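Paired with chain B in one complex and with chain C in the other, chain A is shared by the two complexes that follow.
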Partner chain A sequence: MLNKMVGIIDDIGGVTLFMKEVFRTGIKTPCTFSEIMDQTWKVTIQSLSTTAMAGFFVGAIMTVQFTLQVSQFGALGYLGGLATSGTIREVGPLLIAFMLSGKVGAFTSAELGTMRVTEQIDAIKCLGANPIQEIILPRFVGIILSSFFLLTIGLFMSIWGGLLMGIVFSGISIEEYVRHIPNIVSPVSIVTGLFKCFVFAFVLASICTYKGYNATGGAKGVGKAVVDTAVFTMIGIVIADWVTSAIGESVMELFLK
Partner chain B sequence: MISVIDSIGLSVIKTVIMVRDFVVLTLRTLVYTFTPPFRVSDIFKQLYFVINESAPIVIFCVCSAAAVTIIESSFHMKIIIQNDALVPGFAALLILRELGAVVSALLVTSRVGAGIAAEVGTMQITEQIDALKMLGINPIRFLVVPRLIASVIGGVVLSILANLVCLYVAMLVSQYKLGHSAGSFIVAMRAFVSMQDLYFAAIKGACFGFVIPLVSCYFGFRCKAGAEGVGLATTNSVVTISISIITIDFILSWIFSYFY
Partner chain C sequence: MSATVEFQNVQMSFEEDVLLKNINFQIHKGEKFVLIGPSGEGKSVLLKLMAGILKPSEGKILIEGHDMWNCLPKDRLALLRKMGMLFQKNALFDSLTVGENVAFPMREITQKSEQEIQKQVKYFLQEVDILHALELFPDEISGGMQKRLGIARALALEPGIIFYDDPTAGLDPITSRMIVELILRLQKELNSTIIAITNDMNRAYQMADRMAMVVDGELIITGNVGETQQHKDPRVVQFIHGYLKGPLTEHTEVNA
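On to the complex of A and B.
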């Protein structure tokens, strides 16, 4: 138990130091723009279908559940607004970020871990290049950028999924579904959702690059790095979700009072 | 033009072969599950791995999820019906019907699913599975069956555990943050949910637990040589399981909605 605690603290410190290194490299010797775009494109295309599908089902599930709740009050007119707002503010970013941590996070740490255990990273060092500048920085920025795109696409797909289920399952027309969306989904909600996307992407990118870059011990080590990445990103995302919600709440109170 | 048709046909054939292999693995595992000899000690070892070692993570994450759910439901209720007296009911409903089962299953996926894929994949590329076959031990009976049984039981247990912890934390948060007393929380909760919802959550947990080890073992057995293969097998299994969990959840929610 105590060993585990120490290990967790060790990991947090390791990620922080690694981030310091990445930021310093980013400021002093940034990588080229085309490399970042390359990584962004690769990551986005790879996970597009997965995220779109996940988003679609998340929206559909939210609508099914909200239908059961709301119809008890005869307030089906609010269904569209409620489901959309709930998806954009909370459930969408969380579940789609889970999906991304499985897809993007695990893939990146597997790729970097393979590079590490096959000594490609040492080879880069031998050639006189800085591995953080050459391989970590483009991936780090690329993951954050593409998470942004992917989460936006996922949220759009979830709205479509909700709309479809609203028509098929709860039997209300499109106009009825759409009517209350502008009343309930305020710009603040959208900004909250986007801010959450950014925080989740940052957590995901930092953990998966750190775990992949520091993998040791052959094929087994790569497997372990991927498992660790999946677990830690999920925990990190849940904590980040809670923290951002709490911050959002207090900011709202500040403005309302 | 021909090359396009070619590539489409190739991917269709590949998909059909993958589905066939997966179905064969599932059927074989089911047959071996119900025929002796049973490997009881292996099952208990796996149960420890699935339940005991996942429980702290699941409980911790579900606590955060409960707090967020309460805060968000109160936000929406204030907009629509101008008061948040019914928040406990809505939050309990969301937790029992969706959040508890799905969040715990996704966490178990990342730990157990990825772990099994990495373990079986490493065994495959270091030829330990061939060694098992040479010793006359059936790898499916030895590797897949104990994990399947443990994971189905673990899915049920963790789903119920996650739901109860989540409800308890939601009660605490609504008491200290929104000012509902524990009594009013339970009264509002009882108006919306019943024991039936917990049974449904347990059924969901069992279904998710059934998918996890089968998909991970499938990708583990197909693992290609080298460090890259293990990473790829793990990634693929996590992604496939997550997507299947969300899809299964959607189907089950739809089916269960006819029983309320």
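On to the complex of A and C.
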């Protein structure tokens, strides 16, 4: 137990120092725009269809759940507003980020881990180049940009999923579904949702690049890096969700005053 | 002869374990220096220390008289660019083609134009006789060709010092011999210093001006091929003749 705690603290320190190195490299010797765009495009294309599908069904699930609740009070008119608000502010970013951590996070840590154990990272060092600049920075920025974009697409699709389920499952019209959305979904909700997307993307990018870059011990080490990435990313995202929710609530209170 | 690589009281530890202790030696310009020794004794670590991939726990490593770990980052980079390395498992960039692998160091490090880089890539691939594989990916070529590609990439920046980590590992005897002859031909052409690890004694004798054995955390300079063959240290004798019984296998089942 104590060893596990020490390990976790060690990892937190490791990620922090790694991020410091990534930011320092980004400021001193940034990678090229084309390298970032290349990575962003790769990650986006890889995950676009699955993220869109996941987003669609997240919205659909939320609508089904809210239908059961609001129909008891004869308030089906508020279904669209409540389901959309809940999806945008909380459930959407969280579930889509979980899915991305499994897909983008696992892929990146496996790719970097393989590069580490096959000495490709040593080869970059040996050639007098900086592996952080060459392979980490483009992936780090690319994952943040693409994850943010994918999460936003996922949220957009969740609204469509919710709307379709509202019509099919709850039997309400499009007009009824969207009527209260502007009243319930405030600009702060949208900003909070997008801010969460950005924070989750940052957590995902930092953990998967750190774990992959520091993998050791052959195929087993790469496997461990991938598992650690999945576990730590999910824990990191849940904690980040709690922190961003608290910040979002405080901002909301300020606006309501 | 001036020392190209010099180790001064170098020690390398991993956490509590001391792998290499108090290592002192010099390698001279244009020399062909071969490291031998049982697996897991630290030969690759020693090579990575020379190549600047690992930092020693104690001591100094001088490359052409400059302390590699006690200089400005730009000077360290300049030192690193004087060295090339062929890794044990080649460490080829599998997402890049054969041509791109050789072009990588030139694109990253030099200010050469793309036209010049392409010309150099073709020259080096021609030198190692795999120009026909220019557009293929590393996993589409044979083990011997991968070694050749690794050599071409190590030579891309035309370094004065080249490290070969077990260049004949996993190759058949004919391909091994061809690779060693290629290494020796390129060494002659470029007048470079080479430091190689191999456990194939025939190839070691073929390559070496001077040999050393890494064992029990020490580096035993065994001398030239003749001196190595006549060496009195029982560990060296057992290793070069491949005897099952002796000090190197004292604690293993074979000896028991």
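The rule is simple: the second predicted complex is superposed on the first by the 253 of 257 C-alpha atoms of A that agree within 3 Å, B and C clash if a C-alpha of one lies under 4 Å from a C-alpha of the other, contacts with A are read in each partner's own complex, and residues count from 1 in each chain.
Rule of thumb we're sticking to: contacts are C-beta pairs under 8 Å (C-beta built on N, C-alpha and C of every residue); 3 or more make two chains touch, one makes a residue touch a chain.
What you are looking at is a predicted structure, and each value in this text was computed from that prediction instead of being measured.
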Touch count on chain A, higher of chain B and chain C: B
Could you look at A:Ile239 and tell me whether it touches chain B, chain C, both or neither (first, second, both, neither)? first
Per the contact definition in the header, classify A:Leu127: touching chain B only (first), chain C only (second), both, or neither. second
Would you check which partner chain A:Val222 touches, where first means chain B only, second means chain C only, and both and neither mean what they say? first
Between chain B (first) and chain C (second), which does A:Thr118 come into contact with in this model arrangement: first, second, both, or neither? both
From the superposed pair, tell me which chain A residues show up as contacts to chain B and also as contacts to chain C. 118
In their shared complex, at which residues does chain A touch chain B? 50, 53-54, 57-58, 60-61, 64-65, 67-69, 73, 75, 78, 82, 85-86, 89-90, 95, 98-99, 101-103, 106-107, 109-111, 113-114, 117-118, 169, 184, 218-227, 230-231, 233-235, 238-239, 241-242, 245-246, 249, 252
Where on chain C is chain A touching in the complex? 48, 51-53, 77, 80-81, 83-85, 87-89, 91-94, 104-105, 108-109, 153, 157
Within the complex, chain A is touched by chain B residues 57, 60-61, 64-65, 67-69, 71-72, 75-76, 79-81, 90, 93-94, 97-98, 102-103, 106-107, 109-111, 114-115, 117-119, 121-122, 125-126, 192, 226-232, 234-235, 238-239, 242-243, 246-247, 249-250, 253-254, 257, 260
Touching residues of chain A toward chain C in the complex: what are they? 118-120, 122-123, 125-129, 134
